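Okay, got some structures for you below.
In the two complexes below, subunit A is the common chain; its partner is subunit B in one and subunit C in the other.
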Partner chain A sequence: MSILEITKPVPESAKRADHRTAGKRGGRNRDHPYWFLIPALVVLFVFFFLPTLYNFIYAFTDWSSFKSAINFVGLSNFSELLTNGSLLEDLRITLEYAIMVAFFQNLFGLLLALLLERDTRINRFARAAFFVPVVMSALAVGYIFQAMLKPEGVINGILGFLTGQHVTIAWLGSTTWTIVVVAVIHAWKWMGLSMLIYLAGLKTINEDLVEASRIDGANRWRTFWSIRWPLLAPAITFNVATALLGSMNGFDIVQATTAGGPGGTTELLNIFIFRTFGQGLFAQATTMSLMLFLMVAILAFPVIRFLRKREEVL
Partner chain B sequence: MTSATASRRRRRVSLQPFAAVAVTILLLGIPFAVVLLTASKNQAEALNPNLSLPTHWQLLQNFSTVLNEGRMVPAFFGSLLIMVPSVILVLVLGAMASWILARRKSRVVAFLYALGISGIVLPPAVVTIVLLLRQLGLAGTAIGMISVYTGMYLSTVIFFVTGFIRTIPPELEEAARMDGASPVGVFVRIILPLLSPTLATATILICLYIWNDVFYALFVIGGRLDTLPLNLYQVASSGLYLQNWHLIFAYIILMSLPLLITFVVLQRKIISGITSGAVK
Partner chain C sequence: MKKALLGLAAAAAVTALALSGCSDPGSSGSSGASQQWPAQNTNLKGTTLTIWAAENSNKTADSVISGFEKLTGAKVKVVTIPDPYEQGVETKVATGDKPDLAFWQPTASMLTTINAKTNLQSLAGAPWAANYTGNLGKMTGILDGTRYAALVTTPAVIGVYYNKDVFAKAGITSTPTNWNDLVADAKKLKGDGVDPFYDFGGGGSPWGTQWWVQAQLADAAKDGLWGRVNENKEKFTDPTILNAIKGYDNLINDGYFNDNIKTATFPDQGTALLGGKAAMALQVNSFFGELQATASTKELNDKIGFFPISPTGNIGTYIPDQSNALVAFKTGDTKREAAARQFLSYWLGQGYGKFVKDQSTVSLLKGTSTPSNVPTALKDVAASLDDSVGSMQALAVANPDLYLNLGDMIQGTKTPEQVAQTTQAQFAQLAKAQGVKGF
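Let's look at the complex of A and B:
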């Protein structure tokens, strides 16, 4: 913190002047040698970019655990996954899941932030408590909810107690609604993080603005939508982008609750990749991994640009 | 009019604590109570996890069953063996690279920076990583897993640290250079100490990711080396513990404790560290 405060007063002109003199001297290059970059670049290249390049090669082969030779087979992996329907189906499921997670996680996070905004002892405790699921393993969260959502589980028990009837909803057995339930669990695990980001965003809003709108006669609802909501844009950008990216890459919670079922209706790309990899169909798993890469690469940048633009409008 | 608004506001404020407590109990209290109560029961009572109290509390006994009969202790050390070197490597390599990326200005550097942070967004190629590790002779080894994690999380560190170094005035480095310090000397004596708050935040984030990761571990070291989440996955999906919710939940409690304790102790720092980068 103190460092940040020290740096602020350094005038822009002084910094620029320093750059110019340094450039003239040519001493900068020796002061910041390129070899400092090499170890990181080597690790990044070998263990991150090289496997990604491999994706573009091995998706077009018949690499599997059943034979030692690997041959090029053209587009046959793609056509096979297209004809059996899993390619488009899993892409659709992953996208729907990501959008639902982003929606629920931000809704819960924002509501919690607004509820726990004031700095009281209870609120401080509650904020810390809502961060506990963030710290826990997603796999563990999945198992906890798997147990609670059984037809004879706690959730149905509570609903039965409240309604006075015997409730036996198969939360994890619906081909239509289970994906929504799993997305809500995912949002439950991460809502504490979104809450924190929204709380930080709310804190940056000038109290005078809110006060001014109150004096002008705006009620709380109006004040929120016309003053605070637009000013939360940076927090929304961060939260929506991280929730979308995180859930497109989702695996643990779905694997622990449904493992892709019922009837493959919660089969995210990563679930498919893990399952086919386990069956020894490495080339098919690689093909799906490439599809995930392309989907994220194609969607991520426009989404971030769109959200950033919303900020600039202000 | 003013007294009316004031009293309305006061009434609304006085409801807030009850709402906060109710929401916390509903959303967190119930799941956590189920975990704690079920982990304290015997097998028969835990068959269907619910909110009823155990007739005989045996939480500690279940803990010792999990510790002695499962492979939790080796899995704990497996997790540490992989997490500690990964975090050290990713911080050191990331900080070194970030210093150059923040201080030098050219097209090449801008390109390398974009490449360096692209891993924040792009998903790792998890299948072909296995093939690559086989070719390198690192398949199923701790070194292979550490290298994969380092490659995956370097982007996060480069992003955080480069941004921070840009806020450090170059004059601080100049002063040390006047005294004859080499680049390594400047980096170690001037830059690294200033980076410690940022590196602390990055450490916490990356520990969280690696300690809880099961997806990448399943591909790279599954079946060869145990970590806590891998072990939990095997335990919960194999016949051994099937439907033995008291043991699964006891496992989950024990496994979450290290990070939970860290979080409780460092709460303020963690929260301010995570939020400072997000909202600008």
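Let's look at the complex of A and C:
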């Protein structure tokens, strides 16, 4: 529960003082020799760098389940994939999905944070409640929503009760709107995390500024747009970047709700990769995951750069 | 400096170790040509065998296991691999994790996918192989002349399951004898206000869609279609297969299918047929298994019938699946490998009578009779096997995701031409990866 009790941060001046004393103590490496790092580096190397390296290597081979030998084949996996329409189509779907998730997750997170900003007992409980989906299994979330969104599911039942009509909307059956529904589910699962970070961001805003704006006669709306929103920039940077780039790697929720359907309109690249791997085409699947990695990397730099630029107004 | 060098050396050692492992980890195992087949009752105290099974096959072996454990003193453990089963097994085997036995689709394409020659024990010279009834011994389980799979239950056949009451009500007294008859009956049924055919495009996996294309290809398959496709001499985009895809699309567009085909799921299909909302479902044995879970044998005998269908006659299309057969893995432990063969010998030997009774399934072996409580429809399916022809899965070298592409067609995101193109592209990719000539 402690993570949900957000306290005021240490004032900037105090932090600086801290740095100074740390600097005076200095020379941390004197009592911790560098080679103490080796065990940690080995773990990092074996479980992080090596798989990434293999991801690069295998993309240039013909590794498959059909034979034991693995030969280098140059760029043929790449040229084949780029001429295959499915890959580009799935990349487009993945990007759309990521943008929608980033939008909804931040919208929900920010609204919740503003709603639950004051430290009352009820708000603390509500924060914990909204954080629960974050720690739930994504597959479980997916299967629950899949059951709820069936034409004869609970959601339609509730709508039917409210409208007094028989409702049979196929929420997961539209080739246009299902991707939005799935993105909302993804955003719902992670909105608790965004809420938490926005809450932390709101707490760092100096009360004096808000008070001054009130004295100047600004209403709540004006205070929000002119004072609090610009000062939330660091929280927005973190939230948008993690939501956007994290959902590019989305798989579990979509697999559990639609498995890429209907008509392939929610087939994220990771689902295509999973399908290709299951066909025994390991090298091709690796190549695709490398492309996804590159796309995330290419997207990450400008997005983060842009968001950091926004912070400079502070 | 010295310490930094030490660190560098350590990192280099780890790299070298890891890179030396740069070969397929799932490729160990010795090659064995003809195998020794131990007697069924050889003592196996202290031996534990592991069987991988899917969610719908993890109880199949129960009676066999208890009989085998009593007879030999071995322990047999069933491990359920979650769906999608084939992908799960593939992934595990690729990382070097192997069971002693596993349920596996005994078709050439799926035996190739699991790299049978490297990963599986040859079952050549199996004492039970000569015992299969009819054509079953030659039909499946074999890759390039070597047996790798033991068939334990009837391979599935693609055919029409129909509601007898609905047919009677519409005045249809005899089942159709060719495709045109089938469509004519459908027209009659549509006039009576029932859904002539029922299929499902929802629920993420529209796997029933491909039966419509494959049944229309039965005559062509008899004529060697898949052989030509395997040599890249004929493609999915050529008229034969493309027209079958278009034929399915036309039937949907002409309103012969349920209105909710885009969202209906597999369980809905069974409910609709049993309830008489739909007249026919083109399906395989696992569909009947779903019906058996909800209705008694008597009810099913009274209500549900089966007939195979092809463009010019009543030729069924056989498609063995994962629950029909087992494969034995090369694990490197000769004792357990022999025990696995012994287990198969027992299953298709002393244990078979009890197995077919326990599972209420049609017997595949001479000298073991089919239990009386097997539903008529299943007996009809088994009877149609001898005249049947192989499906894409059984005869083509690779198994592309035709069903998914057809599902896209139902949803309107692919045209029949695009279905053919996408399927052909994937087929060619798989064939090339296998090193098939012509790709």
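Going forward, the second predicted complex is superposed on the first by the 284 of 314 C-alpha atoms of A that agree within 3 Å, B and C clash if a C-alpha of one lies under 4 Å from a C-alpha of the other, contacts with A are read in each partner's own complex, and residues count from 1 in each chain.
One rule holds in what follows: a residue touches a chain if its C-beta (ideal position, glycine included) is under 8 Å from a C-beta of that chain, and two chains touch if they have at least 3 such contacts.
Small disclaimer: the values here were computed from a predicted structure and weren't measured.
Engineer: Let me test your reading of the model: by the given contact rule, A:Pro234 touches which partner, first (subunit B), second (subunit C), both or neither?
Structural biologist: Once the two structures are laid over each other on A, A:Pro234 reaches subunit B alone.
Engineer: Name the contact category of A:Gly160: first (subunit B only), second (subunit C only), both, or neither.
Structural biologist: neither
Engineer: If we overlay the two complexes on their shared chain A, which of subunit B and subunit C does A:Phe66 touch? Say first, second, both or neither.
Structural biologist: Once the two structures are laid over each other on A, A:Phe66 reaches subunit C alone.
Engineer: Is A:Tyr143 contacted by the first partner subunit B, the second partner subunit C, both or neither?
Structural biologist: In the superposition, A:Tyr143 touches subunit B alone.
Engineer: Could you tell me if A:Phe274 is touching subunit B, subunit C, both of them or neither one (first, second, both, neither)?
Structural biologist: Both subunit B and subunit C are touched by A:Phe274.
Engineer: Once chain A of both complexes is superposed, is A:Gly246 in touch with subunit B (first), subunit C (second), both, or neither?
Structural biologist: After superposition on chain A, A:Gly246 lies in contact with neither partner.
Engineer: Now for A:Gly261: first (subunit B), second (subunit C), both, or neither, which partner does it touch?
Structural biologist: The second partner, subunit C, only.
Engineer: According to the contact criterion defined above, which of subunit B and subunit C contacts more residues of subunit A?
Structural biologist: Comparing touch counts on subunit A for subunit B and subunit C gives B.
Engineer: Counting only touches as set out at the top, which of subunit B and subunit C does A:Ser86 meet: first, second, both, neither?
Structural biologist: In the superposition, A:Ser86 touches subunit C alone.
Engineer: Give me the intersection of subunit A's contacts with subunit B and its contacts with subunit C, in residue numbers.
Structural biologist: 33-34, 37, 41, 46, 50, 63, 274, 277, 282
Engineer: Which residues of subunit B touch subunit A once you look at their complex with the stated criterion?
Structural biologist: For subunit B paired with subunit A, touching residues are 13, 16-17, 19-21, 23-24, 27-28, 30-32, 34-35, 38, 48-51, 89, 93-94, 96-97, 99-101, 103-105, 112, 115-116, 119, 121-132, 147-148, 150-152, 154-155, 158, 167-171, 173, 177, 183, 186-187, 194, 197, 208, 211-212, 214-215, 218-219, 228-229, 232-233, 236, 245, 248-249, 252, 255-256, 259-260, 263-264, 267, 271, 274-276, 278-280.
Engineer: What residues on subunit C touch subunit A, complex-wise?
Structural biologist: Going by the criterion above, the answer is residues 3-4, 6-7, 10-11, 14-15, 18, 22-24, 26-27, 84, 86-87, 90-91, 93-94, 112-115, 118, 201-206, 260, 262-263, 401, 404, 407-408, 410-414, 422, 425-426, 429-430, 433-435.
Engineer: Which residues, counting only subunit A, touch subunit C once they are in their complex?
Structural biologist: Those residues of subunit A that touch subunit C are 33-35, 37-38, 41-42, 45-46, 50, 57, 62-70, 80, 84, 86, 151, 170, 172-173, 175, 258-265, 274-275, 277-284.
Engineer: Taking the touch rule as given, give the residues of subunit A at its contact with subunit B in the complex, in rising order.
Structural biologist: 1, 3-4, 6-7, 10, 15, 18-19, 22, 28-34, 36-37, 39-41, 43-44, 46-52, 54-55, 58, 63, 112, 115-116, 118, 120, 122-123, 126-140, 143-145, 147-148, 150, 152-154, 157-158, 188, 193, 196-197, 199-201, 204, 234-235, 238, 245, 248-249, 251-252, 255-256, 270, 273-274, 277, 282, 285-286, 289-290, 292-293, 296-297, 300-301, 304
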